[in-house]
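First comes the structure, then the notes that go with it.
The first chain written gets the first letter, and so on, giving A, B, C and D; residue counts start at 1 in each chain.
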Amino acid sequence: MTLIEILGHFNYWVFAILLMVGFYAVIVKHNLIKKLIGLSIFQSAVFLMYITMDKVEGGTAPIIQPDLPDQIYSNPLPQVLILTAIVVGVSTLALGLSLIVRINERYGTIEEDEILEAD
Amino acid sequence: MISLFGIFLLTLLVIVAIAIVHTRNLFAAVMLTSIFSLLMAANFFILDAADVALTEAAVGAGVTMVIFLSALALTAEREKRRTYTRSAGLIVVGVTAITLIYATFDKPPLGDPDAPVHQHVAPYYIEKTPEFMGFPNVVTAVLASFRGYDTLGEVFVVFTACIGVLFILDARRGVGSMYGRRGRGLHHHHIPQNVGRLLVPLIVLFGLYVQFHGEYSAGGGFQAGAIIATGIILYGLIEGENAALAAIPRPALLFLMVGGASLYGLVGVVCMLLGGHFLDYSVLAENPVTGRQIGVIAIELGVGMTVCGALLSIFHAFAARKHS
Amino acid sequence: MTFNEHLPALQVIVPLLSAPIVILLTPRGLAWAAAAASTLFSLFIAIALAMTTVTGTALTYDLGGWEAPYGITLSIDAFSSLLLLIVTGAGAVAIIAGKASIDVQIETHRQPLFYSAWLLALAGLIGMVISADAFNIFVFMEISSLASYILIAGGPDRRALPATFKYLITGTIGATFYLIGVGLIYMLTGTLNLADMEARISEVTSLNPLLAAAGFITIGLALKAAVFPLHVWLPNAYTHAPHMVTAFLAACGTKVAIYVLLRFNFFVFQANLPEHAVQFAFFLMPLALLGTVIASAVAMFEGHLKRLLAFSSVAQMGYVLIGASLLNASGLMASVIHLFNHAMAKAALFLAVASLAIRFRDLRVDELAGAARTMPWTCAAFVVGGLSLVGIPGTAGFISKWLLILSVMDHGHFGILLVAIIVLTSLMAVYYVWRVVEKLYFAAPRLSNVRVNEAPLTLLVATWIVALGNVAFGLYPELPLTLASHAAETLMEHPR
Amino acid sequence: MTPELTLITAILLPLTGAAAIAVASRFGDNIREATTLVIAAALAINVWQLIPLVMAGDRYDIILTEILPGLHLALHLEPLGMMFAALASGLWIVNSIYSIGYMRGNNESHQTRFYICFALSIAATMGIAFSANLFTLFLFYEALTLSTYPLVSHKGDVDTVRSARVYLGILLSTSIGLLLPAIIWTYFLAGHVDFVLGGILEGVVDGPQVGLLLALFVFGIGKAAVMPVHRWLPAAMVAPTPVSALLHAVAVVKAGVFTLTKVITYIFGIDFLFGEASSGWLMYVTSFTILTASIVALRQQNLKRMLAYSTISQLSYVVMAAAILKPLAEVGATVHMVSHAFGKITLFFAAGAIYVAAHKTEIPQLKGIGRQMPWTMAAFTIGALSMIGVPPTGGFVSKWYILAGAFQAGNLIAIVTIIVSTALNAAYFLPIIYMAWFMEPESSEKAHGEAPVTMVIALTFTAALVLLFFLFNAPVVELERQIVEQP
């Protein structure tokens, strides 16, 4: 097994682990901010999965170098998708945080179980 | 060598992620999240995704952290200690993990040039970009033209998030407590103030470079918007929100946001009026290649304006909220 | 190119691009007027498109002039047309009728932002419906979701906030699951275009990632569609949202997710995954049945009118899935038309609820006692909507129940069990609708409610238009039927 | 006016009438009640002018809309429906006259709602009578259920509402739970649900499924009150008496047996059903219902509840007659529908008159009441005799035909049931008549005299109809013959 093969599998394992860590935080944690942090790890894991598949052995970033006609380039498409996804992620976070701020104002807490008790 | 480095980074990533979830200090968790993003960005860079790395660094490590900190300042800094009895959650997580591992058993190996992803669609982009666009950054070409509609959607996602934050926080209050007393910023801390004053122009300059050089190297509207916004937020932290608002007042932010999104849409509509499809820039000039270049520059500008305006508006909305 | 050829693109662009403009219109009422005009215009576009697709033709539009699979394509067939009618129709009726209600619930200076979010939600849903690109669907899903969070968070009760947060977490998990699924398919096929995916997926030899992808996409969309047991976010979100938002989203929000789910499963996986059909039926059918029965039972004993209707929505979506998991054209037709008819019924009911809410502060069923004396028109519209929900002949709801039972009967002994369950849940619907109607009509009004009067005229007129729509589509169901039958055909045997 | 248009106006007249009553109520009670009477008279004229056409053998169709292939909203004029419509529309006039006395005499509240809902239920009844297929019929069937709920729960107190819920619950759940699946099943088998002479199911279904489908229909049509889905009828007795009289002696319950008769003759076809052994259970069930309901009636103390159980028993006569599946018995079924309608409405009118005049509801209270209310009790006696089947009343004629049909079929169960139940009928009616005329009233009684004059007129009129029907039943028989004797 060459190093790059190990790295290939390793990338996916890390993806799976990160996904689980994030997902765990979202489901199990009561603190709303912790939930959002978990959500962002969860999403980052997916970014890693996409970016992992764009790699071509011996390739470089997909910026065409006309003077090197035989150059291999990595796949640009997953990168574009993830650019979009990162922005989507931060948008969701911002909205979620603004909700948390308002929840804190109205309930005086950001712990989920205390909020449930309050109503 | 680079592979080894990659494995090192990934391991670190896992450790940081676990630490984030484990710590009860939310402030520490946010700081670690920022480190997490930087590691992720480095990792993306190793995987040849320069544009994504730049974005992750600017958005993930920069903007996200600032927003998180703003929210923390308004809520609580520590997570309360409690006993978790959510075995159901663990089961869900476990099932998802098993599915994922099951799914990746016979996926194509990393870097395999024969993998289907590298055989279909993508080669077309790499092959045709110089011919159709006349500039070398394929990512920008795909982002702005081939999949320009996605990017339009993306701009509107940012826009939506921004009006959402404004709506939910109802940002019409006075200057809040984030900047110290009376919004004076960090005047009494000389070192950060002076270092900051040096950095702010550089950051903004770099942002402008990223904006207008996106066709030739890594970068583009998103990254530029995020970077410039970060620079101005830094300025706000140093000089006080009032100064930041004096530099770019709220109406200007609104104009940036609305103007950017409208500019993008308008380019598309103009293409329609000139007889092409929506967002078909080739009709913008007599030479299709020139037309596409004009289109790409225009929409990248729109993207940069919206992202910058939206991020700043979001930041100000949080900052203006009084601690309850 | 002619104007007509641009219609598919305009369908999204009109509401999308009016959103930024609307937030600048601060003078009172102007934002509403602009948003209403924009929604109405998209409704007209949807109608124009339906006139074309009702003949069975499909429209495509290459954005940026790039052909699939290199660019993003919009595609509109009969199925999408039906959904477009639901989405734009619900959006237009709710916003035009709802000014009075929104004025009560949203402060004036926040209204431009609110209307902007409204347009974005509309544009997002439309974008999901007409996109032929898996990733583009994700982008527009996020626009619609974020905008829906904003709209729901506008509810005046503080409980709207945690409800929205829960929805945000669930929605994001759902969208991310979808993204994982799309990523796995992309990894195996190298394409994002749905039609291209289908063609290339048949050459894929390694099935494990593909099955996982199908699982992730189905679960992700089921979360968005509030399929039982993934519906927990829905009742609170619908209950505490502003009433007009409930009317809008209850009519079309979850339906678009179901639409994407059906499209993905029938277009991309159906022909390519061995036994996928069986698995689809095997997993979805029990969930659909359980969901219908349990949600109906909860609705029977629910005290709050909006929550009651929200649970009823979960139950009704069960019917849609029952039809779909029969995996034949008649079942699909029943479920597609039920999407439409249920939207009609729920829109009428929630509009009536919004009218009631203008006069009654508390929407618990007991508090509404005797409302029919003071608000006869509103309550009568509620009755019509309720009849349609139950499926009484002469209303739209009857058509879909009829077709559903008819297609279920094809399945022998198992079919009889299904008929029994459908009939049982219909009776449960009779019970929970009747509980409300009886309170409205035959209970003595509370002292505090004696002086209320009828809802504002615009709201009343709109409510009645939708209510009569239920009757009209119950007696003359040709348009939705034709669209639905084309839709079922394309889903079952679309050109390979 | 063309006959087709007449069919539509038959439904629209009472419908617009309801609106007219609502408007008229603003101008005072007299105007409102006059409106009701005018509408009722107009409807009767409208409907009756069709009788000669139908007698002449003409049939008319009108399709309002096609909802699904083979599923129409359509009206059709045929003898059975003609008979039912003529009966209901005619008795509405009488009942309206009676209602005026009853509602005023009792100082009832919500009188406008009462008249409006009454008009609505008549519209639904007309729709049922003229339905061209099961689907249209189902639509009006449900409309009838819903429009009568406010009438049943008229009093509005807790007990009334509880009973009204039983009424609504049973009727709605049986119709949606059983009748609708039966209709859909029929559509599934035959491709349409039109009423066609000779049936539409022959050849597409056989064996035990026929029995099952028949069961879905029989128990799904809860309005026919075949046990065990009869509970709603006693529950409905909480309604004001005019409601019980017209709706629960004529319109609603007759809609039930009418629908069932139509299903047997036009959906199954009597010949087809006769040949299917699996449909034989119906005979036992109806026979059981007749006898059990009679025995229960025997034990009732409350006059209206006793009449309700009597109705249950009499309705099953009609179903049983239809289930004998022989021409003479089918004629008997139809004739019995009419004769029972006249008889039972008279009985209810009398019960209501007693309630208004003397505030009596229990049977033991009726001792000697005949001397104070001779007209009322004379009418009651005539009605009771018709129930038992004594000549010269209409009840005799119908029993005659049913028995003849039973002999024609050699159906021993039917014969025995009729004989035994006649004895039972006598056992619960004759004591009342005896009490009313020949026993001394309680000494504490105050004199009260007759009920308001409009009520007396109405009940005398219907009692006269009972007697007249003994002689002039030929048109009904003739109409029914057109169905059963056509090839």
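Throughout what follows, a contact is a pair of C-beta atoms (placed from the backbone, for glycine too) under 8 Å apart; a residue touches a chain by one contact, two chains touch by 3 or more.
Treat the numbers as computed from the prediction; the structure is a model and nothing was measured.
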Using C-alpha centres only, name the chain that sits farthest from chain C.
D
In whole angstrom, how far does the Cα centroid of chain A sit from the Cα centroid of chain D?
71
Between chain C and chain D, what is the gap in Å from one C-alpha centre to the other?
44
Find the geometric centre of each of chain A and chain B from their Cα atoms only, then give the gap between the two centres in Å, rounded to an integer.
12
Just how far, in Å, is the C-alpha centre of chain C from the one of chain A?
29
Pull out every residue in chain B that's touching 2 or more other chains.
100, 104, 107-108, 115, 117-118, 121-122, 125, 147, 150, 153-154, 157, 160-161, 164, 168
For chain C, give me the residues that contact two or more of the other chains.
135, 139, 142, 146, 149-150, 153, 180, 186-187, 192
Chains touch one another in the pairs A-B, A-C, B-C, C-D
Would you tell me which residues of chain D are touching chain C in their complex?
64-65, 67-68, 71, 73, 135, 138-139, 142, 150, 153, 156, 161, 165, 168, 172-173, 176-177, 180-181, 184-185, 187-188
Considering the complex alone, what residue numbers of chain A touch chain B?
3-12, 14-25, 27-31, 33-34, 37-38, 40-41, 44, 47-48, 51-66, 72-84, 86-88, 90-95, 97-102, 104-105, 108-111, 113
Going by the contact rule at the top, pick out the chain C residues touching chain D in the complex.
390-394, 399, 402-403, 405-406, 409, 419, 423-424, 426-427, 430, 434, 438, 441-442, 474-477, 481
Report the residues of chain A in contact with chain C in the complex, numbered from low to high.
23, 26, 32, 35, 39, 42-43, 46, 49-50, 53, 77-78, 81, 84-85, 88, 91-92, 95-96, 99-100, 102-103, 106-107, 112, 115-116, 119
Spell out the part of chain B that touches chain C in their complex, as residue ranges.
99-100, 102-108, 115-122, 124-125, 145-150, 152-154, 156-157, 159-161, 163-164, 166-168, 170, 172, 254, 257-258, 261-262, 265, 268-269, 272, 275-282
